[in-house]
Amino acid sequence: MSGIIRIGVIGYGYWGPNIVRNFNAIDTAQVMMVADGAASALKRVKKEHPQITATNDPNDILCAADIDAVAIVTPVSTHFELAKKALQNGKHVFVEKPFTASVAQAEELIELAEKRHLKIMVDHTFIFTSTVRKIKQLIDEDVLGNIYYYDSIRVNLGLFQHDVNVIWDLAPHDFSIMDFLISEKPVAVQACGKAHVNCKENIAFVTAHFSSNVVGHFNVNWLSPVKVRLTMLGGEKKMLVWNDAVADEKLRVYDKGIKSKSPDGEYDLRVSYRSGDMWAPKIEQTEALKLEADYFTRCILDDETPINDGHSGLRIVRMLEACDQSLKNQGGLVYL
Amino acid sequence: MSGIIRIGVIGYGYWGPNIVRNFNAIDTAQVMMVADGAASALKRVKKEHPQITATNDPNDILCAADIDAVAIVTPVSTHFELAKKALQNGKHVFVEKPFTASVAQAEELIELAEKRHLKIMVDHTFIFTSTVRKIKQLIDEDVLGNIYYYDSIRVNLGLFQHDVNVIWDLAPHDFSIMDFLISEKPVAVQACGKAHVNCKENIAFVTAHFSSNVVGHFNVNWLSPVKVRLTMLGGEKKMLVWNDAVADEKLRVYDKGIKSKSPDGEYDLRVSYRSGDMWAPKIEQTEALKLEADYFTRCILDDETPINDGHSGLRIVRMLEACDQSLKNQGGLVYL
Amino acid sequence: MSGIIRIGVIGYGYWGPNIVRNFNAIDTAQVMMVADGAASALKRVKKEHPQITATNDPNDILCAADIDAVAIVTPVSTHFELAKKALQNGKHVFVEKPFTASVAQAEELIELAEKRHLKIMVDHTFIFTSTVRKIKQLIDEDVLGNIYYYDSIRVNLGLFQHDVNVIWDLAPHDFSIMDFLISEKPVAVQACGKAHVNCKENIAFVTAHFSSNVVGHFNVNWLSPVKVRLTMLGGEKKMLVWNDAVADEKLRVYDKGIKSKSPDGEYDLRVSYRSGDMWAPKIEQTEALKLEADYFTRCILDDETPINDGHSGLRIVRMLEACDQSLKNQGGLVYL
Amino acid sequence: MSGIIRIGVIGYGYWGPNIVRNFNAIDTAQVMMVADGAASALKRVKKEHPQITATNDPNDILCAADIDAVAIVTPVSTHFELAKKALQNGKHVFVEKPFTASVAQAEELIELAEKRHLKIMVDHTFIFTSTVRKIKQLIDEDVLGNIYYYDSIRVNLGLFQHDVNVIWDLAPHDFSIMDFLISEKPVAVQACGKAHVNCKENIAFVTAHFSSNVVGHFNVNWLSPVKVRLTMLGGEKKMLVWNDAVADEKLRVYDKGIKSKSPDGEYDLRVSYRSGDMWAPKIEQTEALKLEADYFTRCILDDETPINDGHSGLRIVRMLEACDQSLKNQGGLVYL
């Protein structure tokens, strides 16, 4: 294989154009072909990228001899069949989140990829953003201290998905960010939600339990009048607020908390508080997807395992599946 | 009884001075005595209100012949004994939220008050704010349409309470607001939380289930670096966002939602959205507690039953008790 | 001339790519050639638009037989020479703001264009935004009543321009918006500013006087730590605040003001206030530059005079020139 | 004189109650008497402070043998006569901003006070706030470096004053803050404004020129639909934004600016930017007026000259008078 990964992209709806643009913008990749069932999508491909072949048949990509890797940018219900065929045909796979529609599918794809010595990368874009990277650094350098909670609000109006509920649509972001940031893994999840418009839940509340006293919680909602992207991360030493809906100063670190324990190792009956400065670290302006596209090609070229590989995708799908089970079970705890 | 209710106030800590100031500011009440165990509190009483008698013994109030009503502004664990004695001595009771530490206590006080023909009012101050009154009006006039959800974030740093967890401290606000706004009552609650500092939960997530598809959800947290008071109320016709942490335009009503169902009564496979204007109705600037103090005295003078009477307080205590049960039961559903 | 305007674009720095993209996105235009002196810019042209000819010589465009209109996206000091040659060669001109470096240049170009029956359009993009269009509508429908003031803050860090001061860089936006919104024209301007880094003013304050009691005022600043884009427009009936730095609800209309005059036609000694609802009208999401590109080609094809023609550009240049004169004259009033 | 300053307060309108409350709250003062011409004001005095004598005649205070200092909390047009009589009767003077209605009045009062060895303090409350104190500290410690500009927006709806225009009402805040923060003093001012409602300007723009390249600028407006309190202070090393309209994080310090000059001491033709972290220092929660009241009594008891003495008040009045002159002179520069 030369130093350029030849990419076929399946799906040119909302996210597909970003995938094409970013793979094309890096030196180690070239988008050869785009497949989409909609004529209007193919027309857009031709106008925006006259040099790329446009087809309505994904098999043109899956079977092409001159394609090294396939980017699957389609609804989750189609991921498994497309990825399986790509792997069977010796192609690496870059696949949208969530990885698959079930744990069983994810496990089968992982096994297949390992057997064929091919890479799977699940597009958990957020873990390539400068903000999440900066949070990771703050945690790794023990600036926050022991983590107490990860509490996220991710709500907006729409877009209702056909094939999945709001948890499968929005919670993969939080599950993958939390998976990236916190080394400890949840032991159980709970979810409750309501379906106001059709039979899929459009509002839901997810709680992730850990064996320590860390707790994760997400509000996800397709019927919110305003777009909120607010994550709070509480630590013993410092706490942070990440507001992803603003242009600047998205990340704020607060020197606030409970005062240190008394000499005998116990907190006083009367809790006292520590309130210091707030600090908004400079965040580099980079396009996460470009970084991720570059990382994907380098993992292939250097034969390295991506952090967001099939196993990472599987962990998230396992939690999503457990959420569905909890939803059916009146919000009861589901162990992982 | 003359047209002036003579009040004794027990507890002059954080909230007590507001109670004294507001009862003193109305024409139908006069604060006669204040009791507090702390010498520093009594000193403040004397400096700020030289005409009011200050005592360290609540019995001076509970047994005084010239006191018509007792305001109990003490930790919840003391409410029952103080209120019981007040009622037994023929005094009306104004008591801080939450009403009591248990359903059994609340029921006993209600029975006692009814037997003695005395009033109980639980200080659910928020339902006397202009903002909540305006929301109530929007619901009653069917501006919002069928309610989908009540989702509230009520987080800040501290104040840790000695005798109760964060749910008993902060969730009474949301339970009482929701109780006031939504005529349908919850049938079950769920709660999960963590205790990071001592044995009381300092972060918790509460879900209230209704027999319809309404859902209530509260994030409450004593370990948040920022103060957030954000309530979203989704309706079929309109949605609103109430940000109580800002000075102006606290309430915003959004003409947003899902487009009307298709002619056959079903939503299309492809959901479409309605996005119109936002509108921030003018909110009158009034002090809720003054309104409430005035209402308390008028209920006594006119022999009317307050909306925030003992039964209202009991409904909230019942949900709090159910939350505690759910906490112990791994967040399982607890029917009311 | 066919129904497609063939465009040559001179300048492919910061704004040029947007011009190319938007002219390419409409049905009535086709970008044929891009000229830029920088090799890196030409390389970007070839990568992003392989079908467009890239040249380092603007004369290739100015003299091309198959080009109908030239878009001049270069520093202001070069506008005159490029536009003059384009017009002399029979090409329509789309030129960045500010139109020219002097009133004399603007007048010469206008005369030349009229003689040759060619169009000039000055890229005052803001007047094609949905927000400014909505404000215009509110004024035209007399929602605001008599206008009292237009007060704008337009500050950020950088970008320092080589050839002009901050007024020539940022104030054309406000001058052109004000020119579009308010039918009355200023009779005099005043400006004062300071140059902290080099010899060009990087902070300045501009006041525009009208013969009525309308007043315009702009704070422009290249050395602000935060980006502020805030315009307040006060009217006798209503007032509005336009915050262009936020994603949603950019425009807010306030039912606030002074209460109507007393019966004898005079305000009372004691002014009283009217404070009603706030209302954020829905703003359509459209790309202003695309609308403007389309409008340019239709003005050519239908032989119509653009609202942002050379005369409009001249009015703004005249005010900018007067600002320079005021700067040299200790901020004294300069009549137009 | 004992260790307690006995205070008489003239004026119990909007600000007077705060003066009474704060002087009463400190150990070194006691409010003896309050005078106000309005019966309703006197009624409020009696209800809120039964121990204080209420009178409708300021002479009761000005001539009282048992009053050491007079606080004048009345419209500016009355300051001179009241303060003069107080000083003539041997009383120290605490007077609202602006000090007097003219430079001549201020000079006469200063001379009289010095002759009688009495203190004058002008109530420039803002310089006693924790935020302004923190900014002062950042400047004194050279964190900001050389100051480039002080740019302030101070706008809201009302309150129209009877006897002064918006500059005399709102700009004293900015003039006194700037006077406190920046050791260099302005050499000239300019002002332009408009009167939309009566004959007093209700919107105005003030520029303060220094002999260095510092510039001060204030937007003041009584006809703004929203309350804005935003001050930007640009320095060579750092810049800060002070938003006084928010509850928390009022002060933000930005590590942003222009990169250091090139080795030959000159900035490059191409300016480059430095963009680092933002930092919101913790601001203590103190009541400025209480601090100032305490400072006033200590200046008297310890015979020290207040920083906000008559000379400080005079500097501000001189600039206000110059603004009026500039207003009449078409916004021309008026040297101080």
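Letters A, B, C and D name the chains as they come in the text, with residue numbers starting at 1 for each one.
Convention: a contact is a pair of C-beta atoms (placed from the backbone, for glycine too) under 8 Å apart; a residue touches a chain by one contact, two chains touch by 3 or more.
The structure presented is a predicted model; accordingly, all values stated were derived computationally and were not measured.
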Across the interfaces A-D and A-C, which one involves more C-beta pairs in contact?
A-D
Taking each chain's centre as the mean of its C-alpha atoms, give the chain farthest from chain A.
D
Could you work out how far the Cα centre of chain A sits from that of chain C, in whole Å?
41
In whole angstrom, the CA-centroid distance of chain A from chain D equals 53
Where chain D touches two or more other chains, by residue
226, 275, 278
Complex contacts: residues of chain A adjacent to chain C
50-51, 226-227, 245, 247-248
Interface residues, chain A side, partner chain D - complex:
249, 255, 275-282
Taking the touch rule as given, give the residues of chain D at its contact with chain C in the complex, in rising order.
148-149, 151, 153, 155, 157-160, 162, 190, 192-198, 203, 205, 207, 209, 213-215, 217, 219, 221, 223-226, 232, 234, 236, 239-241, 252, 254, 256-258, 267, 269-271, 273, 275, 278, 330-333
